[in-house]
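Structure in structure tokens, see below.
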Amino acid sequence: MTSGQASTLLTASGLTKTFPGTRALDGVDFELHAGEVHALLGENGAGKSTLIKCLTGAYRRDAGDIRLDGASIDPHNTLDAQSLGIGTVYQEVNLLPNLTVAENLLLGRQPRRFGFIARKAMNGEGREMLSRYGLDIDVARNLDTYSVAIQQIVAIARAVSLSGKVLILDEPTASLDRDEVRMLFDVIRGLRREGLGIVFISHFLDQVFEISDRLTVLRNGRLVGVRDVAGLDRLQLVNMMLGRELAEETRDHGRTGIDYAAEPRIRFSGTGRSGAIAPFDLDVHRGEVVGVAGLLGSGRTETAELMFAAAPKDSGSVTKNGKVLRLASPRDAIAAGFGFSPEDRKTSGIIADMSVRENIVLALQARIGWSRRIPRRRQREMADDYIRRLDIRTPDAEKPIGQLSGGNQQKVLLARWLATNPEFLILDEPTRGIDVGAHAEIIRMIEELCANGMSLLVISSELDELVAYSHRVIVVRDRAHVAALVGQDITTDRIVSAIARPTNLEAAQ
Amino acid sequence: QTIGFSQIGSESGWRAAETTLTRQEAEKRGIDLKFADAQQKQENQIRAIRSFIAQGVDAILLAPVVATGWDAVLKEAQESDIPVVLLDRQVDSSDDLYLTAVGSDLHHEGVVAGEWLVGEVGDKECNVVELQGTTGSSPAIKRKAGFEEGIAGHDNIKIVRSQTGDFTRAKGKEVMESFLKAENGGKNICALYAHNDDMAVGAIQAIKEAGLKPGSDILVVSIDAVPDIFQAMAAGEANATVELTPNMAGPAFDALAAFMDGGTVPPKFIQTESKLYTQKDDPMKVYEEKKGLGY
Amino acid sequence: MNARMLPFYATVVIFLIAYAICYIQFPAMLSTRVIGNLLTDNAFLGIVAVGMTFVILSGGIDLSVGSVIAFSGVFIAVMLRDTSMHPLPVFALLLSITTLFGAAMGLTIHALQMPPFIVTLAGMFLARGMAYVLSVDSVPIVHPFYEWVQSTYWLMPGKGRLTLIGGMMLLVFLAGILLAHRTRFGTNVFALGGGVQTARLMGVPVARTTVLIYALSGLLAGLSGIVFSFYTSAGYSLATVGVELDAIAAVVIGGTLLTGGSGFVAGTLIGVLIMGLIQTYITFDGTLSSWWTKIVIGALLLGFIVLQKGLVGLTGRSAGTAGGR
Amino acid sequence: MNGTMRFLRRVAPQIATLAVVLLLIGFVFPGFFDLSFANGRLYGSPIDILNRGAPVALLAIGMTLVIATGGIDLSVGAVMAICGAIAASAITAGYGLPATLLMALGAGLACGLWNGVLVAVVGIQPIVATLILMVAGRGIAQLVTEGTILTFTNDGLAFLGSGNLLGLPTPVVIWLSMGALVTLLVRRTALGMLIEAVGVNRRASMLAGVNARLLLVTVYMVSGLCAAMAGIIVAADIRGADANNAGLFLELDAILAVVIGGNSLLGGGFSLVASLIGAIIIQSVNTGILVAGFPPEFNLVIKAVIVLVILVVQSPAIHGAGVLFSFARRSP
């Protein structure tokens, strides 16, 4: 596929884009062949999203030349790009939650009869588009009634159908589980066979190695290199991305060292809400990392929201160190020493217009109360400290968080909760969109935190990751907790099989 | 007997008094009065009249917010044989569409005020500032024109500034302040003509706060004759006001009764008196008479 | 049943209940007369509310419409008085002016990234100011065409009248429903309401749609001005003060979210009728003083909105879609 | 030091606009800048502007906070009428001045509480929630005055509208102190930041533990309190409560002031000082129109054009082009 005779489809040369205080792209060259999957790699904030936004007219570039099929193009907006046959999935799910799934899929090209939209035909076409991804949902319902993962698939389906020549996917797999990813890759391979050029951005190196033919690495807005994937060494690639050495991660499976005989720190008993998640019991011990695994829509996020009182529960009770807690709102939970970093960072996490500093101190300030303002100097120190420790890429702490790259936003949110020094921290997809370097950093941090006595509950679609740091893994299926794996039982295979079929634990309940 | 009354609103003390008196007069005669407040909107008045027709009232009183635009709805009332009496303001529809109109002549009020000023200043040079009513409202237009007619031919009297005070005290005060500023601290101003008493009362305060004496340094003439202006007159701070009686309903009910009982067709316009009050008319006594009327 | 239709059904149910209550108290309220009046008296409000629905669906607001109606009336009256033109070409001229006015506001909003609230507030001052400049006085309209339109109506049994302007409002609603829910433009309007930034990334022509939305609102405000001039046979610069707020209230009562992106044109019709019903009820009662009238209108408004919220919340929960946040 | 610079840069466009407007007025009306000191206070047109601008300035304080939370308060004009009416009727009923003020301010707080509960607890959209009080409030005010203009003669109350304090008209002193107080309150504590957070993303703020509900209610109550003060001043100024006209359409001026102050109607970051300057800009335009002596039918057109020009010049799009920015940097 990646032979030398492959025709060049899309080229960009000397692309430059500057934001106030940041040079996001600095004379970057990029070349995409027809019939190849081309991965775009780089740390958080390297400029990957900016590059594709410039290519597709979402941003106006400052300088540089773009050619499609040899002809110079100059897309002024995404509509131009779409009509040129470039379909794109941008990093954050960029769909309209208030429209139906079908409308989202076909926006701008709805089938018409006598000038009016033909609803039936539109819904039929929409269902058709999704069936390729094994998704059979009611496309006439509003998009926001579905989970982030489903929205992601809808966005992909839309982009695929728009891409006559080029398909660009910016971290499409960040919230997908294995099956979904496999399905997506099948689709991508099909398109490659049809001769499309596909740009694929991901921080999952396994996936990059699995699907892509060539890759381009960016660092700090500059081009580092272009390589054929075949024969490329993994460690070498990582070093290319980071510009420094990263020791290969080796981990034992299943960590131990928790005294399960002691009284648990937090105990949920019979906690649940009908229609959302069946009542479950869960003990969390001091220094323990509880991982939560499951398919999308299985009820992991609901579990976390119920625990944090972000959604009302209709049964059950919570105790901390044996004392009953009355949790009616996130405030109560925070007062009890909880923290919660939500999955959907755009709508539930970041305060987009506010600075990195303010985003970091927000939860701590809210806990201290309005009357005792954290002195500005202290705020700056805290912010600078976390920026350094988590390696958050931002010119300074006063930059609005909305202008940071996706992965860096995620790190700021983590910093927000670390600043409150919680006893029980719930992280819903904390590593989503985070680069390899930072990924290792965050995992190390999770371990360090629990070594210091913090208890964690981590939801992740990356099973390897769960295996790496969890003391215990809860498996959620069909809105119920169906299995718990401890110690040596924690392996990817076991988790997968627990997700797939009933276990004895379920029978015991 | 049921009579519907479509009132403009309650935008001023005078209008509140008119409503109160209409209610009192209806009660006196044992009439069931259906009252509809239009919040200053013609569309609400038209709506109200059509509802009255749908309800089948025996007659309708209408205080029209504006002169134009009543033909269609008046025709509809006529087709349902419901007599309509206009209160206090006129309409420009054909006069066979309503039974009669009770009111004063807005233009005439302005003339009376103007003539009073002419008599008061004689041949002296006199710069007048004018506080207009709400821009576009018929009292503002007619009282302005009437006053200009009243002072016509007397070149010693000139209107030097004219701004709208929206018929309110607060705006009257604010605008008067700017007049005083613009006219050399008020030294160039000899008289104030306000389209209603409320603005005059506000302006009087502005004049006092500027260190001048209203009533002597600056003559004050206005229209309506609400109770507060009589207090000002008693204190020597206002000079004259032209009365617009709020009791329009009395004559209206009388005319209606005569028409419905005996078929007496009243004249098309029943004009109420536009009486001029000055400081000589024992203002405190008038004040006492008027103050209970809901102004 | 589709969950997104819930607020609409709730509004319809509330309207029917309210009408029933009115009927029990005043049986005359079920006459064709009252129904005909509801349509005729609210025709101008209904038409302008259709435009407002589009604006609000897109996440904007248009405060200028009341003033534009007044301007339209004065413009028509002055033109008919001072020239010998037939009303129809005058209408055409007026509609192009108001449409352009709306488009200019839309362009300002888009190109200068200014909030619609403020741009249309300035537009509100400007339109009414222009009406003053044209004529401070109210100007009667006398023209055979006007007489013909006014005397053309269908006399329903029970002496109720279905007038041309009432019918016109229904037509505009019909067109509005089709435009909003059955065309690509309509979907684009909803898309803007869902998020301008996202809509742009999805390839919605944001500039064109924004301009068109406000142009449409201007056009309908002009049309409403024409209807209002038929209603009153006059042009008056002080007319229809605050109609924009009535329109907004009607749109919101009709189940459209002020934040944009969700709502129904048909709901707005019910909203307009509910507002008219409140007025009619108060007139039929006829005992309220000026101030109690205002308080009661406010209270009923609150009642409707709370009731609607409650109804939507209740049925929404029992429908059992757990995904609802 | 850094903070001062940032502050100056933030308000520079407003100060520049104000300067231009004042210069224009000075151009059509030469004696405009004359100040004199007599009877223990300053006199002059600039002082008049500060004085007449008091109601809008006060409203703008509350409105800025409400808008920062992403809301809007249309009821302030009606609340002014209610509180003015209560003050007038209490004082004529023989209550002392302190009791009267307490009642009027309390009524303002109650109105704010009502709005806040509708918005934060019942979950009605702010524009609609406050529209309800806007419609009904004027009725309530008239209920208090029974439709008349309720005049009073108490000099203590009148002092609040037309007295002098510290060489300035009392209303000026009141709004300046209120502005300073609220600014200190939101900037010396964390309130300002929390309000902004709720305004930008209410859900995320709540998940971060911000008590958004309480904050929203508080902000509407502050707005009600400011409206009450404005209402008292207006009533005291004319020594009477005019339920029908007090504060009529002032909500629009207040919103305009906030926007001219460069604050986003979508919520988030805000500057009270800039809003206050915005209020003074609006009053300058109003006063300028009055002293210029045009026929009144042109008032609205002139105001519309001036406002449009100001907004266009301040708009982010033009701002990006740096037109005003370079000008602003030279000015302080």
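Which chain is which? They are A, B, C and D, in the order written, and residues in each are numbered from 1.
Operating definition for what follows: contacts are C-beta pairs under 8 Å (C-beta built on N, C-alpha and C of every residue); 3 or more make two chains touch, one makes a residue touch a chain.
Which protein is which chain? UniProt says A = Sugar ABC transporter ATP-binding protein; C = Sugar ABC transporter permease YjfF; D = ABC transporter permease.
These numbers were taken from a predicted model, which means no experiment stands behind them.
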By label, the chains that touch subunit B as well as subunit C are D
Greatest separation from subunit A - chain, by CA centre: B
Suppose each chain is reduced to the average of its Cα coordinates; what separation in Å results between subunit A and subunit D? 45
Per the centroid of Cα atoms for each chain, what is the distance between subunit B and subunit D, given in Å? 33
Two or more other chains touching the same residue: where does that happen in subunit C? 132, 136, 289-291, 293-294
Scan subunit B for residues touching two or more other chains and write them down. 9-10, 16, 19, 135-136
In subunit D, the residues touching two or more other chains are 142, 147, 297, 299
Which two-chain combinations qualify as touching? A-C, A-D, B-C, B-D, C-D
Where on subunit A is subunit D touching in the complex? 308, 310, 329-331, 334, 340, 342, 347-354, 358, 362-363, 365-374, 376, 416
Complex interface listing, subunit B residues touching subunit C: 4, 7, 9-10, 16, 19, 33-37, 39-44, 46-48, 50-56, 66-72, 92, 134-138, 141
Which of the residues in subunit C come into contact with subunit D in the complex? 61, 108, 111-115, 117-119, 121-123, 125-126, 128-130, 132-133, 136, 245, 248-249, 252, 257-259, 289-299, 301-302, 305-306, 309
Flag every residue of subunit D that touches subunit B in the complex, lowest number first. 29, 31, 45, 48, 52, 142, 146-149, 151, 162, 234, 237-240, 242, 244-246, 248, 287, 290-291, 293, 295-297, 299
Subunit C contacts subunit B in the complex at 26, 28, 31, 33-34, 37, 40-41, 44-45, 132, 136-141, 150, 228, 231-242, 276, 279-280, 282-284, 286-291, 293-294
